[in-house]
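Next come the structures, one after another.
Common to both upcoming complexes is chain A, partnered first by chain B, then by chain C.
Entry: the complex of A and B
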């Protein structure tokens, strides 16, 4: 308890930068060193049945992972009834960069981002962790240009010793979700993250989401329209998956029709991320050794990558922000007094 | 028509000579004080008066005998160099540099880049010396059609390079000024300190009864101590400020692109500690809990990408991973 108070006092919240369904994010800094951080305050009070699952996952996995391309969880402390995660402060993400049309991406820029993504992901997989929510929005960019994988709210360890354990298929944002999850598969592996990497790679080249379906069914259709319907040979057993539906036959079209400017190595890597059979899909480790990364041009040095000035206006703390803290404070003091009486 | 062109220092960079004569109307600087000769795209000179007279009503052929190129008033440019062939070469090169602006990184290898440079040089030579002009123009047009996107991209790149270079220079200048200001302040303080020391000695001599030599020595020593105490942090300030700026410089714009390295962390993958048996091997591990997976009657494990070898590898890795690490001493 004492230790917790000490930790709590060493971090100062400065301004609110965002609010999600289960957490509020503040910009803050260390009281002594002045190191900028993001403080994620998780609202516990609203969850009657205990702490939110994603908060547990985030703490559980981030506490273990330390890598230049994975966000750093600096500290954890609780204040009153709230849980606070102190994370590395990163001011922009890949989605913002992709959407900013004032930048032209060089092939070398895309290569650099891809290499950093794969390094971070390989590190997670090496430590038996599936991210399960890779998308440009979750790839944050540090001020020195380093890309960092963030948001481990859906992460999970894999290769369970007991194959009877089932994993949920309702993970990964739809546009980045692989077909095996769309078909409701309960036993899967690292290949699901690699599909997401492929879609991110495509999005970096196209500057728009590559396969954007507006429902789960439409997503399957979009994928098959883009890459052709898989045959039993290409993907053995997929018709036996729980949610399999026959969508109809779509012809294959070569990737270079859409990705006209991509080099042949880039197209090869992309095609390997989109192999239907998950066991044959390229792994993160294989990806890092792919000829695409060794061909010229060299990947851009992170510090020279296109950057976007932080657009989210940080709002200084308002009275309202303190209010819920105050109310809990009042309640606890009241209760303590009552108990004494 | 054309105002004299000035370079960034404000100097006019237009060439003119006292003996200039317009080859069309033969008027010279003696008769016409304001004679200004301009150069046509076919690199012939004539005076502003003639240009006005001939081309005001629209495009007309060049009046120089044997030329006859159709010209417009707006196409005339001022002359920078005395020798018109130099003028022409500079013009041609400027134009070609805009059209053929591929860079080394746009090519697979050095060889193809060199071939490209060779071709560009050939085109330039042909244009300067009027060899196969039509074919060369077609070649340029073809290149423009085929590489429009890349040309545009490289123009943007160039702009980016220029602006980052300017930023860099501005930052360096700021740093220099700041350092100079700090140095000036230090000097002033020193001067002030000397004055104070002198005053202190005089005051001391005037008011106290102690021995004069000793008093002077004592005051000097005190002043020296004071100035040292003051200067130390100043120097460290200077040092730290210069290191932070150099840190900023390295992380900005001028870092070199390096070849790809698959891993940047020191990952020892303990391959030599075990060899993994695969589910398809002659004698896989004895593992009764996974019989169902190995049979995989419906094929759902295969279709989903679930891999038994990962399960086994994880178990084995967890077992051997920390074998090298010395245990913590007991008293800690």
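Entry: the complex of A and C
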């Protein structure tokens, strides 16, 4: 009790910097050291459903994870009925950097961001945690250029995928969601995060989202249009998945037609992230050992990476803005959803 | 940083729990902890909840009483909060209304048992069978319980310093049993597993690291079944798992105390003290009685 009050007093809220579906984010600092932090105030009482699942997941997982490429949960305290997470303060995210047209990305820059993403992700996977919401705006950038994976509101631990728990397929922002989830697969593993990494990699090269569908069905179509419809050989059993729909046949087109400037190693890594069969898709650990990271050019040092000029800074810190509908989607049961589809 | 942040209780917390500081006797506290856990387990079974969530809830519940006195919060409310929070933590959330209804049934049944047994003691009328009157959808009783549940969930998080990680020893214990070559000995895995389940009703999960608890359950099982294991003072079998005999025997003591026969009066007292209101009333009465006998 005393501990909580003590903690509460040691953090000072300064300005509100963002608001999301279940939290308000403030910039703040430590009362004594002046260390800048982001304070995420979880709203409760509103829904009268006790504490939000996302908040609980975030506290549970971030308390465990400590890695240079994963956001640090500095402290937690509660005031009245609110829960406050004190997080490392990071002033921008990869989405803002990608959207800022004043910079040209060198292949070495992209390699550096990819390396940091994979390092952070490999650490999560090694600790049996799936992130389940990787996208550029959840990859925050520190002032020294370090990339940090943030927002563990959808994360969960996983075990052996074969007999294990059923998990919801209503995760990951649509454009970054792998086909097995779009088909309603309920037993999945680290491969889902690796698909997202692939789409982020592609987005870094293209500077626009690679596969942007406007509905779940359209997303499948967009993926197949980009990568070709999978055959039974490429992805055994996919036609038996709960939400499988036959979209039609799309031809395969080689990735180098679109990614003209990419090196052959880069294209190979990208192709391995987009392997349809989840079990054959590259893992984060294999990704880190991919020749792409050993070929020239060497990754740019984080401190020399393109940064967003302070004036164009759009949002200082990203609140979890997975869309409202995502939130409600997760709450509806699987059967209800399937009936709708 | 501070003792509260550590998932295991400090020596001081064990020696003098907040409840004991408030004058609650040690055996009453132990029985109340056990009863609270039984309620969690019963509610979990009625809700068809995973055993992992029920076990996690009981560990959180046990930890909670090392930072808070039972005079401040009732064991009924806190058990409900612990089960609700643990269900979220283990990714199998339950509906608030279901949980509240289930707890209401359990507590009403306990109240009924109390009422009929005291009647039976007074007059010789046959006890009426328990009949549950469900709450209406918008009843005040429901909203009161709901408020208590939200408060309980938050209090657990807050007072445990948000350390809600719980490691359960089941897998570890099975590995130990295999290492000791006892996996195929009839009765050993089952009995040891049962002791692990029962130990959830004791504070050991908040006092000892989970591998030591696993060792203690194997120890107790082997003593019960009279299976000899190497116990030479230079290298007893438990040293393989970094456990100390002192800790093992202490855990066994906690577990065995659960099976101590209780008198009817003791059983009824524990059932009556589920809410903090009743507990406070009882404490005051005890104090007055003590004062009177002194004066």
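Note that the second predicted complex is superposed on the first by the 304 of 341 C-alpha atoms of A that agree within 3 Å, B and C clash if a C-alpha of one lies under 4 Å from a C-alpha of the other, contacts with A are read in each partner's own complex, and residues count from 1 in each chain.
By definition in this document, contacts are C-beta pairs under 8 Å (C-beta built on N, C-alpha and C of every residue); 3 or more make two chains touch, one makes a residue touch a chain.
As the structure is a prediction and not an experimental result, all values here were calculated from the model.
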item	value
Clash or fit (per the criteria above) of chain B with chain C on chain A	fit
First, second, both or neither for A:32, with chain B first and chain C second	neither
First (chain B), second (chain C), both or neither touched by A:257	neither
Chain B versus chain C as contact partner of A:83, first or second or both or neither	second
Partner chain in contact with A:59 - chain B first, chain C second, else both or neither	second
Contacts of A:108 with chain B and chain C, given as first, second, both or neither	first
Partner chain(s) touched by A:236 [first = chain B, second = chain C, both, neither]	first
Chain B versus chain C as contact partner of A:301, first or second or both or neither	first
Partner chain in contact with A:51 - chain B first, chain C second, else both or neither	second
Per-residue contact with chain A, leading partner among chain C and chain B	B
Chain B versus chain C - smallest C-alpha distance in the overlay, whole Å	6
Complex contacts: residues of chain B adjacent to chain A	105-109, 149, 153, 156-157, 251-253, 255-260, 262-265, 267, 289-290, 292-293, 298-308, 310-311, 313-315
Residue numbers on chain A that touch chain B, as the complex places them	67-68, 104, 106, 108, 111, 115, 119, 122-123, 126, 128, 144, 158-164, 180, 183, 185-192, 235-238, 240-242, 261, 277-279, 281, 285, 288-289, 293-304
For the chain A and chain C complex, residues of the former touching the latter	1, 3-4, 44-45, 48-51, 53, 56, 59-60, 63-64, 76, 78, 81, 83, 156-157, 165, 167
Contact set on chain C toward chain A in their complex	2, 4-5, 67, 84-85, 88-89, 91-93, 96, 146, 149-150, 153-154, 157-159, 161-165
